[in-house]
Every structure is written in structure tokens, then in C-alpha cells.
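Letters A, B, C and D mark the chains as written, and numbering starts fresh at 1 in each.
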């Protein structure tokens, strides 16, 4: 058997994938980082702040994005997906489908002229569809690589053979409609899966009114709404009437710890709802928050103290009692019907804005990727790790990290990522 | 360099609305242009984005800038990025200066934007005056010893040693006990698989027989010297002093269970601790029928505010084991919040309910009271006091920091948090790193962790340590202290105060010498030197005085 | 297999005009339904079931046996009866011990439960024939704002009823639409009318009714439509009681869905027995003709 | 003070295993229309907690909260995140109250009496029979009452339901 390849493929460019890539690259192992979207950064880039330090999320992420982009040992494969895997640990052959960007990567300087002129308005996925982007776009301002992408599904040239205005305005002549999807073959010694998670759609829990009541939103929508670079420029208003909300309610465990939806605990919601309430209070000291919970799960370092700070300094009230039913009054104020278990009273309370702590769910294409890679998923479609070595997948040479294997917060994803990097490197040292 | 040659570029960051939403950025940009030596001034939406960085690079070339100032956020997170950007454009990275107009200005003066803008002008002006005096500095190169030391031979330490050794690194594993294994040796079964704890100890053989692992049992650490890439740990083993050298150190010293003495009428017979229950289940016949467990004993209170993370799962495990062995047993867990995050653990909690474990929630202000044959507890779910019959009470005690962690922390020059667990470099993004380069932490030394978490963290620590010991040479900080040999009188004030032990005395000349590799440029020596003999590069007296003078309105 | 009616107690014994409207509707749509002799009380899932589960199973099983003997499926005009019969069938079909136990009781009267007869709520069958209904509509009930009240036992427990969405029902509103009327969306659509609580606390029962009525009024409903005689009674009989107790002025005419279907299919109001309604329906009739 | 009665708790669990899964989140109370009207005085979650603790006196004797107020709408069952069959559990508790001879609401007895006497909860009266004729409805052949009596004797119905007892 020949020497194992000193090269690792990392699938997914969120914080877990980035950390794993950087660790490996730093020890002089070559990394192919595969990202499906147009920019790396993942979910962490969408968050406003992070608990328990309340650091600005993108501020602490951005240096890592830049490092990843510039590291000589890391090759970024953007708009790419894994299509096929063969070979064995130490020497895998991977087929990657790299979608056309329709932009000459070396030419685009992200001047934004094309965006200004593009006539198409498309729901902005990065901003949780809370605003529109154009058909030529960059995921987010600090996105890396910081160049444009043309969204083929919506571009007028591709849909109606018209327009091409971006081509006309681009001074660098960076637009290239002739680009085609490419298939790339990689040869790597081991593989790390870091594909992250999707968000549960609470529309299916009809009694909570999401989708019917404008002032019932999800936590990730809230992150975008309150984020300085989000659709409201950081000035939180409620969707129905653009008024400043003063009374907020967070409902924990929406779609989790629930046999009818997802039986598991989503791990982070108790903490992130507290964080979101704190940020809201920092924006407007008149805001009062109620957080409805089943168990307050705060076992991490400094987490209990964080919750206590929420109570003492941020006007947060924790109410033990899960909410089954939300109604709406004629001012479009959500009315929450709940039991305050500490008194056993059932009450109705009016709020200005209700935020649903929707659970982390497996990526919808997890099944497909698991099949391609030949690794097992658990009963819920998370990638299955070993009980005491959770970074080890069911297949030798393939490792897991972050929320693709179980819901987890950022520090645990980073630990997982470094852990997976160590295991992935171990394989390369053999043979 | 005469004043005429200095060409400063000032880049002012909006940071979205973090800064731009409060301060008047265009006013600041215009203001910067009026300052001496400023050749160029511009605003960016995010200076740290690739667009912003490109603008720095391009203007260094086009405007021929030889000093760069970014007025934005914290150097803690962003200085390395901007420095390397300057370097890429051919500028010495130490000719870069960062001004924090966010954390110390726009965030704290959100409600008074005009005053905030005035303050930002002061801060930028101070930066400009300092920048004019900046000097080029060179980073030091140091060689690296390609091996690691792991302190602690519990599951985290053993796994770390093995993973490192499997990657062909030499490892020294230091254990104070006479055998490896740590806390797991006292456990009966382990969750969530409920297999024998001894299965997890199989790793011991692999560790003990690995030719790359050097094990030092019954060893006491006497002294730790050195710096990243070149650590020296002196241990006392069998009355012999041994010196071990390595490029990196992993701290895996674990934690201990809080003693139940003095809690809830603990008597060691009918009222015992969870760890004692483990030992009974492991070694002897178990006969109790009505078993009540009380959670959060001695924690989540004023004395110890934290949640110990592993006790809920441990209680669930033992409850399940007893119930499966004796389905007629009546087991009650009196708890505050059940901590079973994630997929497997929540499933485990459901299983405990499924087989009939009873759960009662209590409030800290109304804790359970143990009577002769029953416990009285205010049940929050019922809003009233409920009696629970028992013949055995089991107290779930938290994991607490090792007694010797304070001493070890001092030797390693790393911080502890308020509960004496080791404090990492950054909670979010550097969870197993210390601020001190080349030292890492994993397992319960960092925070109460179960087996799976400890192993994950120990893998992570290995990965982080490998980024150092896989290199032949390392670059270290160039901004360090320098002693003026003409002024130094050898009083040793600096030696006593240096937190990194970077200063020593030259026996021949009787004056002090700074080890530039160890020096972090923190500056305490300079501040304490009665002779003003120490200069901290990049923070020289001239530079700081220039800042102060211009702040006060002088020239 | 064809259907026979299971009429239950309330409709034939107290609200025969509902039975009349149902028979007419099914005939007009072209669904043949026969009659089943010798039925007892289903028994009441909110009554007898709460006193003795075993007797509940035995009486229910006996009724099911009657249909089995006739080789006929069951078409029930009442949601309560539907739930009882479906529940009994569900339990006996899934629990062999229970089935044996109940069959040993049934042997005292020479019967044996097998599990051959299927149970359908009448609205379920109407919904299956919704296209036929649409075709046959002669007088669409234009501009009539109808608050559909699906009621509890029509939907839940979903595991047993196994029919419409238990928390967001659609079928009744679609039937209302099919006859040209306008189903209004009101916030408490899915709430209980309060009828079963009347047995133990009339005040609470009326408060529940009042909440429903208020929610219907806020949504601008002209009238109420039910698919269960218990709900019908609660709405039609107790609206005045609410008004007396709570000093309100509710006056919603209440219809069984089959009555509105009959009207939309162009039947003469004579013979429908609309005069037996406590809350007069004249205004509605004027509105739709 | 009420004390946990493990024996009674186990009996209830045996009758409906789903009881075990409850983790007291309060979804049922939030979904319950009766709990809403009574501000939680009628409280399905609390009845479940009492069952889990085996608090026999509260459940059976004091009947606090009053389990007879359950409207059997099954909203709690549909919403329960742990698939606890509350309505069925409450039915079993009511059955138990009845068979133990504790008081329960009069109206239930009236209905039960009618079933015992007529096989129907609401017997056909002469005016109704006339009205049926008017409406052109067919004659109804009711259940043979001897047969119903025989069957209900086999299940011991009359004895179980304690018709002569005190009412609630």
C-alpha cells in the first residue's frame, strides 16, 4: 500500500468546516473545502451576537473567513457538491460538481455596480427571506470569497434570454455567461463532514400561527431583524405595523422534545433565546421579555450565570410552561395562552412580538450525501457518530463534526471540528 | 525618517451600523485628512471584509503609504488580520496601528452620538500621533520540539496521548496517581450505552504499550519553564527529579466530586452520594427498594452558581440500571431542570420515564427536607408539599475543580475562572486553547464533562497542539521588551513582576536580560522599572507620550 | 358493501328534522343508505364511557354486531356515535384479549364481534361525494357567511378518527364552499362548544359557548353550521341561556350541514322542519332566496 | 401533606402506559378550553401529575381539580408533545371514582338510568313519534330491552355505577 495522501476534504464551510480546515492547514495538510453556497460562513454568519459573551458573531467570524480564503494550504470549492466517492481510507477519489458562477473570479472586485442595475428581485435566503436581493448577488456583505454570483434560476438571461445588463455595466468585464458546470476529481486521504443543519419550519404547528400571524416569527428571523447588517438595519420593528415592540415572548422547544415533530432537544435554544432577549433589551431598555420553557438547559461554562444576568439586568422573565396556542387580537397582537406552572394558573397574555425557538433539524439532503459517502445516519437523519468517539462516522476515514451529527452550539462545534481534524490527520499518518 | 517621509492612511470602518449607526463617519473621514502626515483617509462598510482589505492593500501601493491606521473594533480579534494585510502589501506589520472606536466608543455612547464622534476624533488623532513614531519590528523565529506533554492520565489525558502518539509524535504522559484511568475507575457503568466502565479503560493497555508514549506515574510537577515550542516540565517521580521537554502541553487534570459531608444529613448509609451508589452497584449487593435521588446538591446556589453538567445523566443512568435490575423498585429523582441536551441524552431521559422513574421538580428556595422515612419536598408541579417515602437517599454532588489546579495554573501561567476551572482563550472560538501559546486544555479540568465530551475535547486539544509541534520553526511576537544595559541597575523588580518569567539576570554583568521568545510585550516590566531602563517596542514611551500630549491639546 | 344509518339517540329522539334533512340529502345526491333495526345507544362517549369502560365496549360492540349480521357498513349521523363506534372497533381490533373478553359478554345475547363493518361519519361520505354535490347545486348560497363548527369528536382523537386534520380541519369548510356559501375563519374554530361539560358544570359550559359565539361574531358570521347533534343543541338551545346569564344578544341561526345542502340543492323549505329550530332561520332563508 | 403512593401510581400506569411519558411541560393546560375558562382551576396537567404521584385522595376523594370537567375534546391529546393519552387516562380515573363509590355528577346517572331502562340515552316520546310521522320519517325499531339488560348484567353495569350514591 502506498503512502496515504496528505490531503483532506472538508464538506461544508460553516464554523465547523472552517475550524477543521484551518487546524489541518496550519499543520501543513492540504485541504479541499467544499461549500454549496456562494460564500463560506454558514449559520454563524447569519447570527447577530453569540452567547455567553455577546460577541458580535460576524466580527469574530470574519477573521477566520479571511484566514481560510488566504491560506495557501486551503483550496475553496465554492458552489460545489460531492457527487461520488470511491477508493478507501487514505486514498479516496471524490467527484465534485462545481456549479458555474458566471463570474470571472479573478476579475470581479465586488464594486456592486451590477447589483444596482440588476432588475430581478429574489427572496434573500441569507436574510431569511425578509428582504429581496438581486439575481446577481453576494450572500452577505462580509461574505468570502467577496465576489458576485449569478443565480441561474432567476437571472433574466437564463430564464428569458434577455437583459444581460450586468455584463454591460461591469467595468472589469467580469461577467461570463458562457461558464458551465464542471466536474472536478479530488484525491484525498480522509474526509470531514461538516454540513450543519436546517431550521424546523413551524408552519406545521398550526396552533402557533406562524405564517398566519405576522408578529409571530422564528428566532433566526429575529437574528436577522435585529442585526445591524440585516433588513431593518438593526432597528427592531415588528412586521405588521413597523412599531417598536416592547413586550416580547420567546417560546422554547418549538418542534423539539416533541414526539410528533422531533423528539430530541435542540441543545442551544434556552441560551440563544436568552441572548436574543438581552440584545433586544440593549437596543431598547423598555423591552420586557418572557421566555416560556420546559427545562432551562444551561449546563455550559458560565451559562447559569448568564441566565441569572438575564433575570437581574435584562428584564427577562422565565415562565415554566409550554405554549400550545397563540391567538391574535384585532391589532394583530399575538395572544399567548399558557399555564404558569409555578402557580398552575392558565392565563392569556398579549405580546407585541412572539419569537419561536425553532429546533435545529438535519439538512434536507443529508440522506443523499450519506448515501454518496456510504455512511450511516441516525433515526432522525443526523450523521451517526460512535457513542464515545462521536467524530467517527460509521465508515473508516470519514469523520463528522458540528450540527450535522447532533444539534450543538458554536463552542461545541469548534471542539468537534478540531477533534475531527485530529482524527482525519491520524489516518494520513498511517500507511 | 523625517516627518516629511511619513505617509499615513486612515481607514474608518462603519462596522455596518455598529459604528456607522452612531458616529458620523464622513465627519471622521474628513477630520482624519486634516491631521499631520495623513495622506489618505477613507471609510469602509466593513474594513475587515475582502473589499476593505483590498482597499488597504491597493492604497498602500497607490498612495505609497508607510503607516496604516484602521479605526474600527478590537485589536483582540482583528489586529492579526490587518497586520498581515499590510504585510501582504509590502509594509512591515508593526507599522500598522488600530484605533478602537466601537467597543470603547460607539457601543458605550449609543445615546450621545455627537459626543461619541468627538471622542472618536480624539482617539483617531492619538492614533495618528502614535503612528508617526512607529518602528518596523521583526518577528522572532524559534525552533520547535516535536513532542507533547499531557498532564493527567484520566480518559481525556489517555486519549490525548494516544491520538498524538498515533500521529507519530513523542508524548510524555504525567499522572500523579500510581495508575492511569482517573475517575472512570470508580464508575460502574457508563451512559448512554450502559456498558461496563471497564470497557472504556481498555485504552489503558494501548497507552501503556505504545512505544511513542512515555508514562510517568506517581509524578508530581515541580516546575514548568519555557515557552511555546520549547517547554520544560520538571517532575518529581520516585524521589527523582526528571526534566521533560516538549513543544506543547495539554492539561487534562480532570475534576473531583464534591464531598457530600455536611449536605442533607449525609450519613454514608441511608443517605449517600451518587459516586458511592456507583461503587455499591459495582461491587456489592444492592437491596434498597424506595430510592430517592436529589439533584444539584451543593451547586446552582450562592456558593457554587454553576450547573455541573453531568449529574442529570448520571442519576438517570443509575436509576435506569436499578430499575432494570429490580422492576419493583420505586425510584424518584428530585430535580431542578433535567439537563439532557441533544439527541441521545433526551432519548435517554424519555427512556427513564418510560420504565417508570418518577420525577419531582423542586425550587432552590424550598429544598427537600429529609425526615426519618420520607422526604418532604415542595413540588413545583403541584404547588404543594409532597412526601416521598424512601429507604435510600442518593445525593448528586457536582464535579468541582481539582485542589491543585491553582498551583498548576500558576506554573503554566494560565488563568482560572471563578470556580477554579481552567479558563480558555475564547469561550466561543478557542475553547481548548489558552491565551498562552502552546498550552491546551481538555476534559473536566476545563468544565465538568462526561466521557464522550472529554474524548471530543481531547481530540480537539491534540489537533490544536499538532498545529504547533508539527512545525519546525515558529514565529513569535515581535513587539517585546528591551533593556537598556546602560540604565539597568539589576534591582530585579522586573524579574519579580513578569507574568511570563521572561526576564532573568545575567550573572556576569548583573543586569537583566529579556527572553524575547517568551516575552509577550505586556509592558508590566517597563511600568515597574525604577530606572526607566525598559522599552516596550510598539508601546514606547515616546509613542505613548505623543498620544497623551495630543489628547491634552499639545503638539 | 352498502351503508345503513346509525341514528343514535339524540337525532331521532329529539331532533328528527335533522334526520329528515340528512335522508333527503343522501337521496338527492344518489347515495343509498338503508336502515338498521334494534340499535341501542352507541353509547355516549362523554357519558357511559366515563362511568364504565367495559359496558361502553360491550354496548358498542353489540351495535357493531348488528351491522355485521346485515353485511352493511355504518353511516353515522352523529359525531359522538361515530367516535364511540370507531373507538370500540379500534380497541377490539387491536387488542385480542379485550376482544375475547367482550365476546364472552356478548355470548350472553348470542352475538360475536368480528370487526367486519366500517364506520363513517356522514360528513365524511358527503365529502367523498363533494364533486357530485357541486354538480347538483341549484341555488348556491351566495354571500352567506357561515361559521363552520367541526366539533371535537368529528376530528379527534385523530389516531382513531383518522380523517381530517385534527388541529386545522378543512373538510367542513370545503363542504360549505361546495354549496356556494362563504366559510368564515374564526379564531376559536377548533374549540369545543362546551356541551359535554354541561353534565357537570353548566356555567363553564355556557362560558365556553360564549367564547365561541364571540369569536364567530368577530369574524362576521351570519349563521352556524354543525355536524353533530350535541353541538347543535348547545348552539341552538343554549344561545339564549348565554344571553340571559351574560347579558349578551347572540342570535345566530344554527343549521345542520345537511339542511344547508338541501337548500342549495334546491329543495323546498317545506318538509325540512326548519320551523323546529329554536333560533328562527327566516332571515337566512330570505337572504339566500 | 400528601404522600406519594407508589402502588396506586403503578396501577394507573398499568391502565394507561402513556402516563409515564409526561414531563410536565404544560402544553395540555395551554390547549385546554376548560382550563382557560377556569384560569387553570381545572387543570389537565395537574391531574396527570397527581396520577404520576399516585395521590389517590386528591384524585378520587377530593377530586381536585375536578376531573368531571374534562370536555373530552382531546385537544390536549393532539397537542401533547409526548403522546400522553390524557382523555383516556381521565376516563379511567372517572371509571375508578365510580366503581369506588365516590360521588359523581347526577346527570351521568340520569343518562345511565335511561340506558338501563330503554337501551337509549334519550327514549322516543309520543310527541316526537308524531313529529317523525309529520316529517315522513320511518318507524324506528328499538333495541330489545331484555337483550340490553342481559348484556349490561354481564358487565355488571348497574352495580358498578352506584346509582343510589351521593351526587357531586
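The rule is short, and it goes like this: contacts are C-beta pairs under 8 Å (C-beta built on N, C-alpha and C of every residue); 3 or more make two chains touch, one makes a residue touch a chain.
All values reported here derive from a predicted model rather than from experimental measurement.
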| item | value |
| --- | --- |
| Chain closest to the middle, measuring from C-alpha centroids that were averaged per chain | A |
| C-D against B-D, pair bridged by the larger set of C-beta contacts | C-D |
| Where chain C and chain D are represented by their mean Cα positions, the distance between them in whole Å | 21 |
| Whole-Å gap between the CA centroids of chain B and chain D | 59 |
| Inter-centroid spacing, chain D versus chain A (mean Cα positions, whole Å) | 49 |
| Approximate Å spacing (C-alpha centroids) for the pair chain B, chain C | 66 |
| Shared-contact residues (touching 2 or more other chains) in chain C | 167, 190 |
| Touching two or more other chains - residue numbers and ranges from chain D | 21, 23-24, 38, 45-46, 75, 79, 82 |
| Residue list for chain A, restricted to those that touch at least two other chains | 207, 257, 295, 320, 341, 343-344 |
| Touch-based graph of the chains, sorted into line, ring, star, complete or other | other |
| Interchain pairs in contact, sorted by label | A-B, A-C, A-D, B-D, C-D |
| Contact footprint of chain D on chain C as seen in their complex | 7, 9-10, 12-14, 16-17, 19-20, 23, 35, 37-41, 43-55, 58-59, 62, 105-106, 108-109, 152-153, 156-158, 166-167, 190-192, 194-201, 204, 207-208, 211, 271, 273, 276 |
| Chain C residues within the chain A interface of the complex | 165, 167-168, 187-188, 190, 218 |
| Chain D residues within the chain B interface of the complex | 1-4, 6, 9-10, 13, 20-24, 45-46, 49-50, 52-53, 55, 82 |
| Contacting residues of chain B [partner chain A, same complex] | 15-18, 21, 45-46, 48-51, 53-54, 73, 77-78, 80-81, 84, 163, 166-168, 192-193, 200, 300, 305-309, 337-347, 350, 380-381, 383, 417, 421, 426-432, 446-447, 451-452, 455-464, 466-467, 470-471 |
| For the chain A and chain D complex, residues of the former touching the latter | 207, 253, 257-261, 294-295, 320-325, 337-339, 341, 343-348 |
